[in-house]
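Below are two complexes that have subunit A in common, paired first with subunit B and then with subunit C.
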Partner chain A sequence: MNDRIVFDDVSKFYGEVLGVNRVTLSLPPGVTTLVGPNGSGKTTLMNLLTGLVSPSNGHISVLGLAPSETTEFFRMVGYCTQFDSFPRGLTGWEFIVDSLLLHGISHDQAAKLALESIERVRLGDAAARRIASYSKGMRQKIRLAQAIAHHPRVLVLDEPLNGLDPMARAESLALFEELGRQGMHLLISSHILEEVDRISDRVVLITGGYLIAVGNIHQVRQEVREKPMEVIIRCNNPELLASRMFAINHCVEARLHPDGKGVFLRTGDVDQFYSILNDIAAEGTIKVETVAPADDDANAIYQYLIGANGSTS
Partner chain B sequence: MSIYKHSYRAYTGRLTPAWYRIFVLARYGFAEVWSSKITVALFTFSLLPSVLFLVGIYLANNPLARALIGMQNAKLAAIDARFFFVILQIHCWLAMVLSAWIAPRLISFDLADNALPILLSRPVSRLGYVSGKFIALLSSLSAVTWVPCLLLFCYQSYSSALPWAGQNLQIAVGLFAGAMIWIAFLSMLGLAISSWVKWRMVATGVIFAAMFIPAGVGAIVSGVLRTKWGILLNLPFTMSVLWQRLLGAPPSIIGLRIVIPTAPIVMSLLLAALICGAMLNARIRAREVVRG
Partner chain C sequence: MSRESLKSLASRTARQPWGLWWTQAERVVQIEIRRSLFSWRAGWVYFLAYVPTLIIFLHTIVDRHPPGAISEDTKVLAGIIQLYYIRLGIFFGCLGIFSRLIRGEMMERSLHYYLLSPVRREILLLAKFVAGSINAVLLFGSAVLANFALIYAAFGAAGRDYVFSGPGLNQLFAYLLVTVLACLGYGAVFLLLSMIFRNPAPAAMLVLGWEALNPVMPEILQRISVASYLRHLMPVSVATEGLFALLTVETEPVSAWAAAAGLLMVIAVVLIYSCYRIRSIEIRYTTE
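The block that comes next holds the complex of A and B.
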């Protein structure tokens, strides 16, 4: 079976309103972060992927299956929507079991899988209570539990970290990371870029319904050549290093770290920059401890490619 | 790439048939419907006429009981198609009141809560979703229409000294068919209007309006165009004609002297049901309204 999620020239229009336009993607297993401003088409992309809306043009295939093959398709896909919405009057346990019954799983198996998923999101004690009495974080968790309960191979999570406290957020991220490592496809849209960034294998940037960039965060950052790259260097003499780099290399900005033990340098030619830095380190006058990119995360890429106001730059 | 081992396994166990899953949604529907005390009160009220008719049948078949309460010379209604026509009519109109209350509870909540995406991201189609709600509504309405009517028919068959049931089988068939046509139509209408009107109380009002305003429009059409066909918009009249014919009751029981063939009545009901279907198709969508 094909192990990719494929969007082949997919467009979606709601009447005259553009949802997404000519999206072509091929996503391997792992964690993919969907990044874009409000109204950029992230949810449309997720709804297309989960078969909830049909594309106006193009084709979608999830692990080789088309959304029209409903039973097999939905067996592969778990969706956690961004909306805090549930059928009324249900307990957490009933919600998960019913969700599994809707997937066509027998009562016995449904009870077993429900228990497993509820324990996985650490909601065991509250499962017998009505969802209406849950806190926002607990509601987010029960939604996540229903999305993973039937063992999907593709998990689509729309703003899954909203409303979670730091501890629950860390637990959720650990779970996503674990699932991604096990070979599951995770497509996550989130505004909490700093945290999702840590577990993300690749990023999909979208704005105004158009794809802006797709790929590994570091690769995408390197391709954004018009924005000088920022590198942090921890060393014993940051002032001297900054002056040396300015003298030799086309550094455009230098900023001392607040603790005085490092310097942020911004360069337009990162390859030349690293080469010169190697030479300086080899001289031995400056003792370099660590060198790391400071702005090749999803947040920085978002700022560079989309901008704070959501318009492409 | 952070994939170290492909140890994740999708569920590969046995699956239940697709039709079975619809009953999960029907169960949600029942839970929604019967969680209201007003539903229980309306349901109880809708069954009261059955008790009165039961007493009527008992007295009609028991001269001794009539004598005991001093009614030996009283002229009771004959238990025939005319009698069951009245029973069916009363129960069907009470069912309409009940459906106007419960139909909005079945769909409005899901739409207001944006619960459709979470339900429809399962192997359940939009048709399956509506079918689940339809089953919940149809079953609830059955309990106050053809079920008590047929129980009364059975009681009359049991009480009558004559071989009554065999000679009046058309009444039983008419009771079942007439009630089923009516409640199926009511269910479609109720669900369609509830899918468009967000506020439940308003939806209840609109269901009543959808039943009676076309009757007024039909009267105007008949008056202005000097035709009898405007009466097809008068649902209370057309249903009465249909029930009368299904039960084999005399036409005089309806009152109006206009004669409309059965086929146009059935066609107008089918057309109305198709419009309801189109309304549901346009509104029951998994699409989330907010793009982001």
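The block that comes next holds the complex of A and C.
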């Protein structure tokens, strides 16, 4: 069986309004982060993937199945949507058990899976209460529990960290990371890029309904070569290193690390930069401890490519 | 169709997961009944169903019931069924019950949970229809039964005689059949309308007008009506005057079984079209 999520030339128009345009993607298992400003088409892409909306053009398949093959498709796919609404009058427990019963499994099996998923999101005793009495974070957790309860192979999460406190965010991220390590597909959209970025295997950058970059976060950063890249160098004499490096004409910015034991350098030619840095280190006057890119995270790339106002730069 | 293609169709049909679909439909029905039948929001439908029962109960206590008044009360009961339940009570009750099933869930932004479950949309729609029908039949069927019991219980021995030794029981079965068919017929229509229109109420008013004017329509158009089929199943005719006469007028004479079969066919056609419609439903709550 195909193990990929595939969008083949997919477009979606809402009347004359563009949702997404000519999206072609092939995502292997792992954690994929969908990054883009509000209205960029992230939710449309997720809704297309799960058949909540139909493409105006193109085809979508998830592990070889189309969303219209409902029975098999939704046994493999879980979707935690952004819609903060629930069927009326239910407790968290009933909400999850009802969803599981629709899979055709026994009541005992449904109860077992519901308990497991509630424990996984650490909702505990609150599951016995009506959802109407839940805080926003608890509602987010119960939706997540519902999406993972049937052990899907593909998990789609639309802004899953919204409304969660820092502790719950860390727990959720640990859970996503664990699920990704287990070989699951996770497609996550989030505005809290710094956090999601840490667990992402790849990013999909989207704006105005168009895909603008796809791939491993470091590869994508490398592709944005015309943008100066920031590198942090830990060494015993950062001031000297800064002055040496700043003499090079493609080094455009230098600032000391607040702890005084490193320097941030911004360069327009990263290959030349590393070559010269190697020469300086070989001279022995400056002892270089570590060198690492400081801005090849999703947030930085997002800012470079999409810009703060959502327009492509 | 050739023998091979028939064979292949039969084998494809046999390979479908009928057991799973049955279980899923059962579960949807259980969930829907639990969520809607026993909720406070269904209060106004209870009111529609039982308000005649309350009035009959008050009459039972207050009025005297000489045995000779049985035939008059029989006509009153027929009038209540034909003029109130079929035209108003069941009509608006079904509008409330069945338009909530899909449109109501879209308004409350909870339909996507069903659409993201491994239940075929056609199964979901039919199961919701069954759940709505059970709700409606339970409410209105029990109300009709209670009305019947109250009316004849007030006559004591004469009433028991009318029910068990006279035409009473047959009339009761006919009323219950009319009630069930009315619930199914209006239910199917309102379920479909709620998928087509964001607000099905104006369309329902058009249906109400159509049903009222249907008896004076050409014969072919009379077949596109729930009430026109039900008229042929009424065990007691109701004499009315003026505009009300439109609601009870007998159209082309049709046998009871043909009327029931005709209505069931109309229901089947409406449900098949609804199954087609639900396949293309999209979740776009922001436009609701």
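Everything below uses one rule, namely that the second predicted complex is superposed on the first by the 311 of 313 C-alpha atoms of A that agree within 3 Å, B and C clash if a C-alpha of one lies under 4 Å from a C-alpha of the other, contacts with A are read in each partner's own complex, and residues count from 1 in each chain.
Basically, a residue touches a chain if its C-beta (ideal position, glycine included) is under 8 Å from a C-beta of that chain, and two chains touch if they have at least 3 such contacts.
This structure is a prediction, so every number in the text was calculated from the model and none was measured.
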Q. For the overlay on subunit A, clash or fit between subunit B and subunit C?
A. clash
Q) Just subunit B (first), just subunit C (second), both, or neither: which does A:Arg244 touch? A) neither
Q) In the superposed arrangement, does A:Arg169 touch subunit B (first), subunit C (second), both or neither? A) neither
Q: Would you check which partner chain A:Lys141 touches, where first means subunit B only, second means subunit C only, and both and neither mean what they say?
A: neither
Q) Should A:Arg120 be classified as contacting the first partner (subunit B), the second (subunit C), both, or neither? A) neither
Q: Using the touch criterion from the header, give the chain among subunit B and subunit C with more contacted residues in subunit A.
A: B
Q. Of the residues on subunit A, which ones does subunit B touch that subunit C also touches?
A. 14, 47, 50-53, 70-71, 73-75, 77, 79, 81, 83, 85-89, 98-99, 101-104, 146
Q. Tell me, which parts of subunit A touch subunit C in their complex?
A. 14, 47, 50-54, 68, 70-75, 77, 79, 81, 83, 85-90, 98-99, 101-104, 146
(Q) Can you tell me which positions in subunit B touch subunit A when the two form their complex? (A) 1-11, 13-18, 20-21, 24-25, 27-28, 31-32, 35, 109-110, 113-115, 117-125, 285-288, 290-292
Q.
Applying the document's contact rule, which stretches of subunit C touch subunit A when the two form their complex?
A. 17, 20, 23-24, 27-28, 31, 35, 39, 41, 105, 108-110, 112-121, 279-280, 282-285
Q | Touching residues on subunit A, where the partner in the complex is subunit B | A | 14, 19, 28-31, 38-44, 47, 50-53, 70-71, 73-77, 79, 81-83, 85-89, 98-99, 101-106, 109, 113, 143, 146, 150-153, 177, 179-184, 199, 201
